[in-house]
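After this come two complexes, each holding chain A, first together with chain B and then together with chain C.
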Partner chain A sequence: MLRRSVIGGSLAVAVAIGLSACGGSGGGEGDTGSKTVRVTLANHVWTENLKKALPAFESQSGLKVEITQLGEDQLSDQYNVKLNAGSSDLDVMMYRPLQEGKLFAKNKYLADLSDQTKASKDWDFSDFQAGPVEATSYKGKPVGVPIITEREVLYYRKDLLAKAGLTAPPKTLDELKTAAAAVKAADPGVAGFVARTGKSPAVTQFSSYLYSFGGDFDSGGKSAVNSEAAKKAYAFYGGLIKDSGPANVSTDMSWPEAMAIFTQGKAAFYTEADSLYKNATDPAKSKVSDTVGFAPFPAGPAGSKPYNIPSWALGINDASKNKANAWKFIAWATGKEQTLAQQKSGVPSARTSVWANPEGTATYPKDLAEAIAASAKGGVGHDRPQVVKVAQAREIVGQPIVDAITGKEPGASADTANQAFQKFLDDEQK
Partner chain B sequence: MATVTTPAPASDTSAWSRWANDHRKWLFAAPAMAFVAALIVFPLAWTVYLSLTDAEGSVRAESEFIGFKNYLDVLSDTDRFWPAVARTVSFTGIALLFEVVAGMGIALLLWRPFRGERWVRVAILMPLVATPVAVGMMWRLIFDPNIGMANQLLGWVGIGPQPWLAGKASALPTTIFIDIWQWTPMVALILLAGLTSLSDEPQEAALIDGASTWQRFRHVTLPLVMPTVIVAVLLRGIDALKTFDILYATKGKGGGSFHEVETLNVYAYGLSFDYNEYGVSSTVLIIFFLIIIGLMWALTARRKKEAQR
Partner chain C sequence: MKTRTPYRVFRVVALVVVVLSMVAPLLWMVAASFKTNVDIYDSSKALAFSPTLENYTKVLQQANYVQFIGNSLWVAFAATVLSLILGVPAAYSMSRFSMKKSALVVLMARVIPGVSLLVPWYYVFSNLRMVGGFTVLILSHMFVSLPLIVYIMMGFFDGLPMELEEAALVDGLTHIGAFRRITLPLSMPGIATAGILSFIFSWNNFMFALVLSGADTKTLPVAIFDFVGYASIDWGGLMAAATVVTLPIMLIALFVQKYVVSGLTAGATKG
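For the complex of A and B:
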């Protein structure tokens, strides 16, 4: 009994992989045309909105939609196990194009959607913004449909700004630094600035700083994380959190933790994805809902260059035996009508027509709509290294961030990271 | 086959039943063996196979057989692997030490009947029945450096805020504390069962001989209960080596930004689910497996020796 539990337990992961290997190796041939479409979605405002609209779609199409809803990490794990097994019991998948897109496409997990996207005129694939479409394509073929886009903006507290004697939100990163220090000096109990601090989660939000200092993660297969611009960006981001951030700051924060500090009223400035704004403006979730302001990402030496990316997309599992109906669901969920409804409920979309429609931004705080418009212009199409093994790459390029936060010399750390990242890129080229 | 056409149905049955009778020990064991083969031997063999390949990205993708390269790589990795081994060992060792000592203390207190005994037992068992992930989340809130209760309590007695889980050096001790909080009751329970089964005579004899309380514990109770202690150490030790839930719930992937609490289990999980490095991950798991088997073997041998004394 004891022995069995030991063997079983210590190899739990192995069992998952092992069992997945003996699963069917079913290809994508043959369409059963089942009336039940199995959809796996992440916890997101988008998903909540969709679930409300779903009954209407089901009665109109005659299909039954079975939703599995998971947290981001659990979703990844689920895909890892099921897709590795070639499981056909996933039809539609909500996935992160920049995180898993390349890996999934390379492993042939995602069905080629060329025919479907071309077929329907009403649905109109050309209405989708070019950047997001590029991110959901693999080797020139669409393998996903972007559903949520995001850009980094500056969240700030109007009341704290006034208290520190400032009249307008900072327009440049230098001003941000001064303003954050001023707030902390005015009230040591409140942090001047907060942002993600975890090695991997921070990378995406750090990317806008990197671009605004004139850097990037790599250029043409050459690692660039120890360029002068990158070193300055690391020192700035880490220094800002170290000097004006919360006391005893944790180096594990992703957005829920950083957002909590901001919405508990414990920080004045916060740079984060705009798609999460509801967390700050919803009185049920935020103590500071009536004093939150938004501004475009502050300009660095190279201007204001926030990322502008599709954070989530819908794709079809290549092993699914129900692709036709899966596409029917996607066409509805990403259609003009649903997209407009989604955007009105706070989910920034990837459709040009929805952004052009005054109704599409009517529910947004005015300063947020302006900030989004400004970011969309100068935005960069990626917020993390564009590689297959994104998780590893993020840990490598994120190390100097946490080193800078904990007071290590960011320059030396960036040099070390550069070496590791170059080796990583070389390995991936092979 | 065509020539054997005449045997009567009866002899057919008897041939089958004779065969079954001759092989009945195999026949009866077959279902259990099939179960073991499907759920233990196959995954184990598959993991060993994977560990000898460079499988990555997808286990269905083509991979090359690379012999023991993964093992050499892993065993020479002083960046992630060996620190993870050290953390696994110190996590288990320290947690186990405290759990056994405190568990023994609690078991001794509960040994003699007293009023309200049942309620005390229920209260002590509370941490044990809680889900580890929920426990992790709860302590994560309590230990939050800015808004957590732990620092508030310290503030009342005049001690400054501590980083707890957020600190580079304090994260591992904090998770060890959580483990001790959760699992001491189980150790206490096992030891209590051992104590209850002891007969009273040796105690009474020692009492008559004038032994002090400590002497009775050290020279009478402890030696008698030793086999149970070893069982408790064995069960809890193996479980502690494999701890995952508390570490993952409090520090997330990779055991924190500096891998502060990355034990072998957390590392292997990251390799397969984060990095999709199935070959290397399998290698780490096999090495981990061997370590556990080794420790288990050593402890069982010790227990046998103890039992013979």
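For the complex of A and C:
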């Protein structure tokens, strides 16, 4: 009896493996040309805007668009299950190029869009910014179209600066440090600076500091998180929060927590993704909507080098049997007209022509538009290690940030992280 | 006998600490569901704030929650009833005829992490064109509730004296008749416990519904994430939705807790 159930058990495992194996190879040949395009999107302002414009597209193209909408992590979980099973139920996917793009491309979940992106002159692929396009390409071939971009900018409080006797926002990281200390000295109840402190969430916002000090997470397969530049960046970021940050700061903050401190008026400076700006300028969410200002990311020893990345992109499931119509949807959703409409309602795009168009930035606070324009120029195309298992890598390279905040010696911590990250990179090469 | 005062003081303090720490998050949730998004983060307005019903309007009118509540109720109800119909007789035979190894196999279903089954399930059900329908949701939830029910009921049946059934057999009832007329009515508390626990598990199940449900068949735990966006989180709406999800199950638990507790111990000590 026992033996039988053991056999039964291993049989079940074997079947499961077999299933996922044939799932992988259950290819996407053939095109059914169905009039229904199945689109999976994340909860985002972009999605809400798109849904409003959708009826016009449907009546003009004769296609029916079926939308499934999910939270960021739920979306990711669902992709992992469905794509792993080789499902053809998904046609168009909204995904995070830097978080899961490499994994999806490596597993051949994303269709090669080389032909489609070249085909249409009006749509004009060359209009997309280079950094984001690089992040949505795999081995030189486009596998996604960037729809939403973000850069790190400096959020600051005009009134608190004036109170501390400062006339302009800091232009360099050293000035930021002095200004943050000055604000805290002028009013001990208010923190000079706040930013993400959680091991993994902080990595992306720390990246601009790292680049501006002249470092990067890795270079050519070699971990670089204990380079001189990286050590200085860790010490600076952690030190700034330790010295001028909120009292008893938690080391578990992502953007909702850090943003809350800023929008409740409890901090003067905050470095964060520009795509979150509405949280600070909307009076329904923020108490400082009147006094918030924006400035380009302050320059470090290597200049001002914020990231400029596509946070979301659209791709086509390689197993989809409806690729032609899926592309029609993408071409419309990422076309110049839709992109302009999206950007006007607060979604920063990846199209150069839309940024160059005065209409495209008319709804943005003027200083924010300027900060974005400055960042887009020198921007680095990634804000986290470019690996397959991104979540794991973030845990490793994020540890020295937490250590620096809690007052541990950042250099030693960076050395430890470097060792772990090198091992991680070696494992991934295998 | 008089209890000593230090002990009584300690008892009261301990009770207060435990109750407060358990209830505080719940109270915070309910309070936040009546606040605007700005006020939620404001610690000076933790207790004194001007309440708004805006969040509930959003949840019940715009976000289609009435439909999701209906979905959740239907899936949890159907999965529980079907599991009871299959599980109670199964538990009875396993208990009476000493089928311990079959019982072990049923338990395996609880041991295997559900997430490892999702990919094969999805593969099978999507080829059967069942993904997105209620049937597949009910089936997957039964996977959780059936072993639970079988195990609770086995313990319960083990505790019922054999002599009662033997007496019924002597009096001329068949085996099935004895089960139906004697054992089943006596095991009602156990069935109530098993049913309620299975209902709660199904109500709270997130993983299976996430992958297997469609836009129209979404259950509450999945729908609640509609309030969490990439660059914006609607805390007020989220808390109102969470209250809506918690309330029914809390009411049910409150009314039937007597059964749950007695049923649990019945299964535990005599199993």
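Here is the rule we go by: the second predicted complex is superposed on the first by the 404 of 430 C-alpha atoms of A that agree within 3 Å, B and C clash if a C-alpha of one lies under 4 Å from a C-alpha of the other, contacts with A are read in each partner's own complex, and residues count from 1 in each chain.
Following the convention adopted for this analysis, a residue touches a chain if its C-beta (ideal position, glycine included) is under 8 Å from a C-beta of that chain, and two chains touch if they have at least 3 such contacts.
These numbers were taken from a predicted model, which means no experiment stands behind them.
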Scan A:247 for contacts with chain B and chain C and give back first, second, both or neither. first
Using the touch definition from the top, say if A:84 reaches chain B (first), chain C (second), both or neither. both
A:264 contacts which: chain B (first), chain C (second), both, neither? both
Should A:103 be classified as contacting the first partner (chain B), the second (chain C), both, or neither? first
Scan A:222 for contacts with chain B and chain C and give back first, second, both or neither. neither
Contact residues of chain A, present in both the chain B and the chain C interface: 2, 9, 15, 19-20, 77, 84, 86, 260, 264
Quick one: which bits of chain B touch chain A in the complex? Just the residue numbers, please. 39-40, 42-44, 46-47, 50, 57-61, 144-147, 161-163, 165-168, 234-235, 238, 241-242, 251-254, 256-258, 265, 268-269, 272-276, 278, 281-282, 285, 288-289, 292-293, 296
Taking the complex as given, what residues does chain A use to touch chain C? 1-2, 5, 9, 15-16, 19-20, 23, 42-45, 66-72, 74, 77-78, 81-82, 84-87, 89, 256, 260, 263-264, 273, 275-276, 278-279, 283-287, 311-312
Can you tell me which positions in chain C touch chain A when the two form their complex? 36-38, 41-42, 101, 104-105, 108, 116-120, 122-124, 126, 131, 210-211, 214-215, 222, 225-226, 228-233
List the residues on chain A that touch chain B in their complex, please. 2-4, 6-11, 13-15, 17-22, 25, 73, 76-77, 80, 83-84, 86, 103, 106-107, 109, 197-200, 246-252, 254, 260-261, 264, 266, 388-389, 391-392, 395, 398, 402, 406
